[in-house]
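Across the two complexes that follow, chain A remains constant while its partner is chain B and subsequently chain C.
This part shows the complex of A and B:
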């Protein structure tokens, strides 16, 4: 047996992934277990969970692979702050304190946490882990690979070529020229939280016009060969690191939006901010298409795999798939930093002679739930907990009856998208369902859309282009062919971030039942979490969610929860 | 895990950090790195550094 644990930690979303004999056995986000959104701490709970799912102990591991090189990162931080002296004077002690007080000792911390010899801990490069997570989970034997994020050790964008001989880096663009940091600065400028609000910028962009294109060209200059530069004067990396933008950007775009104001897109002021979001989204997409086109030119491959936090921009992914010249595009569901844990584990396994993993069939790689034990707790709380024989049919009945249904089934999702295992489901053909869901649970900004799920076989009837390599993981958008029939999931620009499922999945069975009943076989699918919370993972979290939030019915494994009348 | 093994692990990390800077030919930084590492080791062994707030931006 060859068992390798991959770990990501210390920056955004910490995670652990386990590969045994070339099989992806488990992958778990730390935030879902610690209940701290975007928890970046060493993922002790997640490591323990994946080892238990794999039925092994830490002592059985052949290697633990960390997803980046902390020493290279220390060098980048040290050299960067010294070069910017004295502007970085205030930043210097904080930056170095953070590095030297914790991050560079990560190999020791992993050895301590797992009680294994330090010699079993290894490092790979940040973008190498991202690239591996993309291509080795994809259905493609050979592919171009594009990694775009905020920053790893030094690289912010890199191109790779994967074939039978392995994964080779072709070129990279280094910090501070970062598309991730460009988008993060605009996210902060618009009053959203960085590392969480980028989706909001993407949703808001659909309400705007590209009226600030010229200003964006000063922030981000893209050449035809895919190389790009940021207008660094507009991005203040040393004195305003919590925002990422400086006074010069405010001079260019106007006053930044306060994070405490309610959005009202009927006002001229908020429509102007929507124009900025649209212009930034367009600039990002143009840059990504130039880079992807260069990847096609350099590799000649038909398939492209994307990774890095920027690869979670589903709107950009659709344009890349259409315009960069590739026949197929794939984005691994955890394309952000958490996904680096999976890439690191795969690289460690391949190094030890394990076979390449099978293409990722589903994102249900996390901890599982069992209904029976939780039913006792639910009854003790005064809830009605009933066993259900045909769960899919019961879910379909509840959705058809215009209920908001919480679905907690099997193992939890890998990646930020709810894909039916920890989901809230509702009718997609009733706009009132969206409004009620927003009032009762999600409390999202009015411009953020909800996503639809459809059977693969029905996808082409409802969404332009039908199913593709990205739709099982909800990492792209598609034009809605009958928007008037699906008002709860159609965004203002006529698109939806569609998920497709096979008939053998439980969500597929739910859709099959709805179809048999003569209902529209498309349902609204959103993540099972309240505002600011990580997605539910365990049955206990699910029960807690049901007590606190106004969903009508919850299915935990084969137990149905309702409230007494 | 024994205290001696832990100390051995920390010294191994220090060796790897210095090795990294030597390989990247950043020799001029090594004295500074040594001083900073000593401070960092002290902080780690004493469990200090609670004042370092998490960065929203997470650049470092």
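This part shows the complex of A and C:
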């Protein structure tokens, strides 16, 4: 047996993944177990969880592979702050304190946490881990690979080529020229939290017009060879590190939006901010298409795999799939830093002679739930807990009856998207369901859309282009063909971040039942969490969620929870 | 209003003290527990101050280091200017 544990930690989104004999056995985000959103700490709970899921102990591991090289990162921080002399004077102690006070000792911390010899801890490069997580989970034997994120050790964007001989880096663009940092700065400028609010910018962009293209061209210049350059004067990485943008950007775009104000897109002021979001989104998409086109030119491959936090921009992924010249595009569900843990584990396994993993069939790689034990607790809390024989049919009945249904089934999702295992489900054809869901549970900004889920076989009837390699993991958007029939899941630009499922999955069975009943076989699917909370993982978290939030019904494994009348 | 708050606070003190005596097993044991908690609080204050002092020392040392190695930064800028584009 060859068992390799991959770990990502210390920046945002810590996670652990386990590969045994070339099989992806488990992958788990730390935040879902610690209940701290975007928990970046060493993922002790997640490591413990994946080892239990694999039925092994830490002593059985052949290697633990960390997803980046902390020494190379320290060098980049040192050199970067020195280059910026004397502007980085205030940042220097903080940056070095953060590196020397913890991050640099990660190999020792991992050896201590797992009680294994330090010699079993290995390092891979950040973008190498991302690239491996994308291509080795994909259905493609050979592919171009594009990694775009904020920053790894030094690289911010890299191109790779994967074939039978392995995974090779072709070229990269170094820090500080980073598309991730560009988008993060705009996110902060618009008053959203960096590393959490980027998808809000993406949703807001649909409400705006590209009226600030000229200004964006000063922030981000794209060359004919697909490379790009940031207008560094507009970004302040040393004195406003938490925001990333400087006074010059405020001079260019106007005052930044306060994070404490409510959004009202009927006002001219907020529509102007939507225009900025749209212009930034367009600039990002143009840069990504140029990079992908360069990847096509350099590799000649028909398939493209994307990874890095920027690859979670589902709107950009649709344009890449249409315009960059590739026949197929794949984005693995945890394309962000958490996914680096999976890439690191796969690289460690391949180095030891394990076979390449099978293409990722589903994202249910985390901890599992069992209904029976939680039913006792639920009854003690005064809830009604009933065993259900046909769970899919019962869920379909509740959705058809216009209820908001919380679905906690099997193992939890890998990646930021709820894909039916820890989801809230509702009718997609009733706009009132969306409003009620927002009032009762999600409390989102008014411009953020909800996503639909549909059977693969029905996808083409409802969404332009039908199913593709990205739709099982909800990493792209598609035009809604009958927007008037799906008002709860159609965004203002007529698109939806669609998920497709096979008929053998439980969500597929739910959709099958709805279809049999004559209902629309598309349902609204959103993550099972309240505002600011990580997604639910365990049955206890689920019960706690049900007590606190106004969903009508919850299905935990084969137990149905309702409230007494 | 403050008089009423004070009265309420005294009531909290009284029942907390009564509870401490009951749980610790008598007046003498309660007094010992209170002395131990004062020592614990003093130790925490010492550690807090130590931490704050070491933070200031670290920052000052790093600033000094930053200034000392600044000439290397100038050499680096001259010899290896930051490049953009594909590498």
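Some observations on this one:
Everything below uses one rule, namely that the second predicted complex is superposed on the first by the 565 of 565 C-alpha atoms of A that agree within 3 Å, B and C clash if a C-alpha of one lies under 4 Å from a C-alpha of the other, contacts with A are read in each partner's own complex, and residues count from 1 in each chain.
Keep in mind that, in the parts below, a residue touches a chain if its C-beta (ideal position, glycine included) is under 8 Å from a C-beta of that chain, and two chains touch if they have at least 3 such contacts.
Remember, predicted model here, so these are calculated numbers, not experimental data.
In the superposition on chain A, no contact is made by A:327 with either chain B or chain C. After overlaying the two complexes on the shared chain, residue contacts for A:96 are found with chain B and with chain C alike. Of the two partner chains placed by superposition, A:250 touches none, neither chain B nor chain C. Touch criterion met: A:79 reaches chain B and chain C at once.
In the superposition on chain A, A:492 contacts neither chain B nor chain C. Legend: residue contacts after superposition of the two complexes on their common chain; A:381 is shown touching neither chain B nor chain C. Looking at the shared chain after the overlay, A:108 reaches chain B, while chain C stays out of its contact range. Of the two partner chains placed around the shared chain by superposition, chain C is the only one that A:223 touches, whereas chain B remains out of contact. Residue by residue along chain A, chain B and chain C are tallied for touches, and B comes out ahead.
For the contact definition in use here, the residues of chain A common to its chain B contact set and its chain C contact set are 79, 96-97.
Residues 1, 6, 9-10, 12-13, 16-17, 20-21, 24, 26, 29, 32-33, 36-37, 39-40, 43-44, 48-49, 51-60 of chain B are the ones that touch chain A when the two sit in their complex.
Chain C makes touch with chain A in their complex at residues 58-59, 62-63, 65-66, 69-70, 72-74, 76-77, 82-87. Within the complex formed with chain B, the chain A residues making contact are 11-12, 40, 69, 71-75, 77-79, 94-102, 104-105, 107-108, 111-112, 115, 118, 150-151, 184, 193-195, 237, 241-244. If you check the complex, the residues on chain A that touch chain C are 79, 81-83, 85-86, 88-89, 92-93, 96-97, 171-174, 176-177, 223, 225-227, 229.
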